[in-house]
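Common to both upcoming complexes is chain A, partnered first by chain B, then by chain C.
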Partner chain A sequence: MASIVTTSLVKEYPGGVRGVNGLSLTVNDGEFFALLGPSGCGKTTLLRTIAGLEKTTSGRINIGDRDVTDLEPGKRKIAMVFQDYALFPHMSVADNISYPLKIQKMRKTDRLEEAEKVGDGLSLQGLMERRPGQLSGGQQQRVALGRAIASRPEVFLFDEPLSNLDARLRLEARTFLKKLQIDLGITTVFVTHDQAEALALADRIAIMKAGTLQQLGSPREVFQRPANIFVASFVGSTPMNLLPATVQDGRVLVSGTSLPLPASAEGLVAEGQSVTWGARPEYLHMSTTETADAFLGGVTISENLGASVLLSISVGESNVRVVVGEDQEPSMGTSVWVKVEPRRSLLFDSDGDRIGK
Partner chain B sequence: MNSMQATADSSARPALMRHFLGLMGKTLFIALVLAFFVIPVLWLVFAPFDAHPSLTIKAPQFTFHNFEVLFQTPGAIASLGNSIILALGTMILVLVLGALASYALSRVKIPGRDILLYTLLLLSSIITGTAAMVPTFLLMVKLGLIDSQLGVILILGSGIMPTVIFILKDFMDSIPKSYEESARIYGAKPLRILWDVGVPLARPGLATIAVWAVVQVWGNFLVPYILLQTPSRTPAAVVIYTFYTEGGQPNLALISAFSLLFSIPVIAMYFFVNTRYGFRFYGGIKS
Partner chain C sequence: MSEIDADAAASQKLRKSERVKRKGNRTSEDGDSAGLGKGRAAAFVAPAMLLIAIFLVFPALWTLYLGLTNYRLTGFAATHPRFVGIDNYVNALTDSRFLNSLGLTLLFVLGSAVIGQSVLGFAIAWMMTRVRKGVKSVVEFFVLLAWIVPSSVSTFLWLALLDRNNGTLNTLFGTGTTAWLLQFPMQSIIVFNTWVGTAFSMLLFSSALGAVPPTQLESSKIAGAGAWAQLRDVIFPHIRSHVLTNTILITLWTFNTFTPYLLTAGGPDHRSEILPVYIYRLALSEGSLGQGSAVSLIMILINLVIALVYLRILREKKS
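Moving on to the complex of A and B:
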């Protein structure tokens, strides 16, 4: 049980490429923490640096009250589950799970007993004598988790734990992983490029881009109040509407439509300022009768999302996307009004940062 | 219609003929190649049991007499023991050092690593070759390893070492890094990782190297011939050279019988290693 604190952490590769660029963040004790970002953003590098598999260029890493910056991975009391699980193919499931205990010089009978216990907890009964090659992807993942649990770490590090499972199994494994983390209460950091996975699993999410932190917050915070345009467009299964806009008469002019100023930006913008207006398609409301403070446009594309429909509506030069319930789906070409709630829309300044809290 | 059939027939006949001749030629060629390799083996099987062996293959006048003489020849059977000592000694040396070196070279990035490996490989044959025999001899004299089996093992081992490293490095390269990192996370030290992960996964490679090293040493004549003097220490490959009749003619009876005994351990080892370790690789990496 321990928190993880990184202080101005830098990991520079030979050639001057910075995988992690001056990152300071705190992962609280017992927290399920996601590192989210597109590939090449440095999230895996950060995880590997915390694990000690990559040497820190500068800055410190603390786990609990210990400074582990210069410690070998084996001395950091961490356990890591790799993307490919890295199960030893020549060892049985029981030997794989008990391998950390073998390194700790535990007696063979004791460690096999321990492996049995851990295996039972992960529903691996009856598979203990098999080789990893004889297991399904989901079972392999549970063996990898078992090996991590058996080492009794203070911190779990997961590198893309679900990406090697097929789509259906992934959802099951996701629920399983969340329950396991709650039951064990061990501080867990996991890396993912899948925003839905991060939103579903994590207590808090750190969104990274080019080795730097873009936003740190709860899933709700990063979803509702993205810190900048990058986060706004990266998080969410349907991309956020982001349209160029101008401030005019205490309102905001978007694509020829005058809308009320977003609540968060009130008093923080100047007349005539160029901004980017943003609102999630899920937070927009469509109406077939005339509505004030709304976009008016024709439906051009409709994409079925199951219980809901994603509509693209052409407003002036731009497209506005809105999610509506399946019963509400209008026919193509229909003119509709799309209303925006001031507290559900945001403004971003010319640097791409969100205006207001 | 008729004319068409006629043309079809006349063109089909030579085609069939060509096919038949081609088949004949192929069969003949294969038979010749087969004979080239089988005839010496047949000689090796028949001659030892022939009362009057010659360099031709003939149905033997069956006898065990040749072996009786061989067993009475001083040093003959002991030399097979010496061969085993040299072969196993060299095998263990190159397996241990080769595994360590190839693992290190596979994992540590040093500039010019590949050039170093290729250069070593190129120069390796010189150590055990004729050209370097005088310096090798002098070196062994200085080290006090003349007439010692350890000296022969060291020289033969260093001669095949570059090839061993070269082959094993390929096997080590193919072991995914995440296996080692995973072991490292749980506190395993490099030697431990090599033993727990590297060696088991590179086992087909190590088995290949073991067989190859034994074969190299088993058949080597020059190095033990030059470095060993005491007859009780010389290996079979050198002893076989001393089987002459009083008249200075090769004693085919002894040579053939000894050759058969000489080849059995190597063949047996090949089958043992092949059935036990053959080339298999099943991975636990899902990708």
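Moving on to the complex of A and C:
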């Protein structure tokens, strides 16, 4: 059990490319912490630097009260699960799980007993003598977790632990992983490019782009109040509506429609200021009767999402997307009103940063 | 029930299509995927078989025959060779010079191939995974150079290196007038052959090491494994078949190499007379072609045994 603190952490590759650029963040003790971002954003580099697989260029890393910046990976009391699980193909499941104990020179009978115990907790009974090649993807993943657990680390580091599983299994494994983390209470940092996974699993999410932190917050904060346009468009299974707008008479003019100013931006914008207006499709409401403070437009595309439908509505020059319930789906071409709650819409300034708290 | 029915129908269909195929092409059950037929297939193979027969099978049989005669390079026995049965073989196997040569050959193979080239080649390849690309290229270039320089040139360089008077080695280490090739003939040719052949092992192991999944190495590192534990638990299990292939190939090559003759000519006093050198001296310097042929055949048999052991192990691995 330990927290992880990075201080002005920099990882520079030969050639001057910075994978991690001056990052300071704190992962609290026992927290399930997600590093989220598109590929190449530095999230994996950060994880590998914490693990010690990459040498730190400058800055410090602390795990608990220990400064581990210059320690070997094996001395940091961490365990890592890789995307491809990195199981040893020539060893049985039991030997794989107990491998860290073998390195710690534990006696063979003791470590196999330990492996048995860990395996039981991961429903691997009866598979202990098999080779990894004879296991399914989900079982392999649990063996990899078992190896991480057996080493009794202070910190778990997961590198895209779910992305090699097929879609259905991934949901199951996600729930399993969350329960496991709660049961063990070990500080866990995991890397993912899948925003849904990050939202579902994490206590807090750090969203990264080009080696720098974009936003750090709970899944709810990140989803409802993205710090900038990048986060707004990256998080959420349906992309956020982001439209150019102008402040006019204390209201905001979006695509020829005058809407009330978002609650958070009140008093922080000047008349005539160019801004970007944003609202999640899930937070918009459609109506077939005339509504005040709403967009008016025709339905051009409707995409079925299962229990809900994603509609694209053409408003003036732009497209507004809205999610409606399955029994609310209008026919194509129908004119509808789309109402926006001031509380659930946001304004971003010309640099792309959110205006207001 | 319906599933079984469907299965039965499918297999019936399969059988039918097989029958059709068999009618169209009689040899389909022999695995004749190209559909050539035996006659034409044989015609395609014939030229290669002919070349093998002329240049490989015939000389081998000729050697077999010569080994049973007292054929000599010159003199009466050159014109009127006499059939002597297995005398040559009996002579060879009881001759202390042959046994000495066989022993030296085993020492040579063990020292320069199995230990020298394999271990050194692996060590260099492994070190090169930890250095910068530029360093790796330079080292590989120099190691390869030893391999690709013609043996007549490299032996000349080694003669200069090991020379008694003004040799580079003696000058460098101040070892006076040590006559390396005379005082340490076996050690000299073992070091020489290691130097020549390490490049192959290094290249083979380099590519093998490149195929070891990096995440497995990293997870053993995170578990706290040191260099030796990483070798034992991750690297060796992955490159086992490469080690086998490499060992067999360099064993055969080293067993048959003649280059050491250019350094020591088998001397002094037969102290570096490995089998190829022994055969050469026996058959061509001393003119006993019959006896030489017999020893050649014994050597071919030893090669064959090595190759068979190799094929056997490889097949076991595959199944």
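Quick note on the criterion: the second predicted complex is superposed on the first by the 357 of 357 C-alpha atoms of A that agree within 3 Å, B and C clash if a C-alpha of one lies under 4 Å from a C-alpha of the other, contacts with A are read in each partner's own complex, and residues count from 1 in each chain.
In the analysis below, a residue touches a chain if its C-beta (ideal position, glycine included) is under 8 Å from a C-beta of that chain, and two chains touch if they have at least 3 such contacts.
Predicted model only: the values in this text are computed from it and were never measured.
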{"item": "Partners on chain A (chain B, chain C) - clash or fit", "value": "clash"}
{"item": "Chain B versus chain C as contact partner of A:Gly137, first or second or both or neither", "value": "first"}
{"item": "Touched partner set for A:Arg354, first chain B, second chain C, both or neither", "value": "neither"}
{"item": "First (chain B), second (chain C), both or neither touched by A:Arg111", "value": "neither"}
{"item": "First (chain B), second (chain C), both or neither touched by A:Lys75", "value": "both"}
{"item": "Partner chain in contact with A:Asn164 - chain B first, chain C second, else both or neither", "value": "first"}
{"item": "Touching partner for A:Ala51 - first (chain B), second (chain C), both, neither", "value": "both"}
{"item": "Colliding stretch - chain C into chain B, listed as 2-10, 74-82 or 254-262", "value": "254-262"}
{"item": "Common interface positions of chain A, toward chain B and toward chain C", "value": "51, 53, 72-75, 78-80, 82-84, 86-90, 99-100, 103-104, 147, 151"}
{"item": "Footprint of chain A on chain C - complex, ascending", "value": "213, 215-216, 218-226, 229, 233-234, 237"}
{"item": "Contact set on chain A toward chain C in their complex", "value": "51-53, 72-75, 78-80, 82-84, 86-91, 99-100, 103-104, 147, 151"}
{"item": "Touch list for chain B against partner chain A, complex", "value": "176, 178-179, 181-189, 192, 196-197, 200-201, 282-287"}
{"item": "Contact set on chain A toward chain B in their complex", "value": "51, 53, 72-75, 78-80, 82-90, 99-100, 103-104, 131-133, 137, 140, 147, 151, 164"}
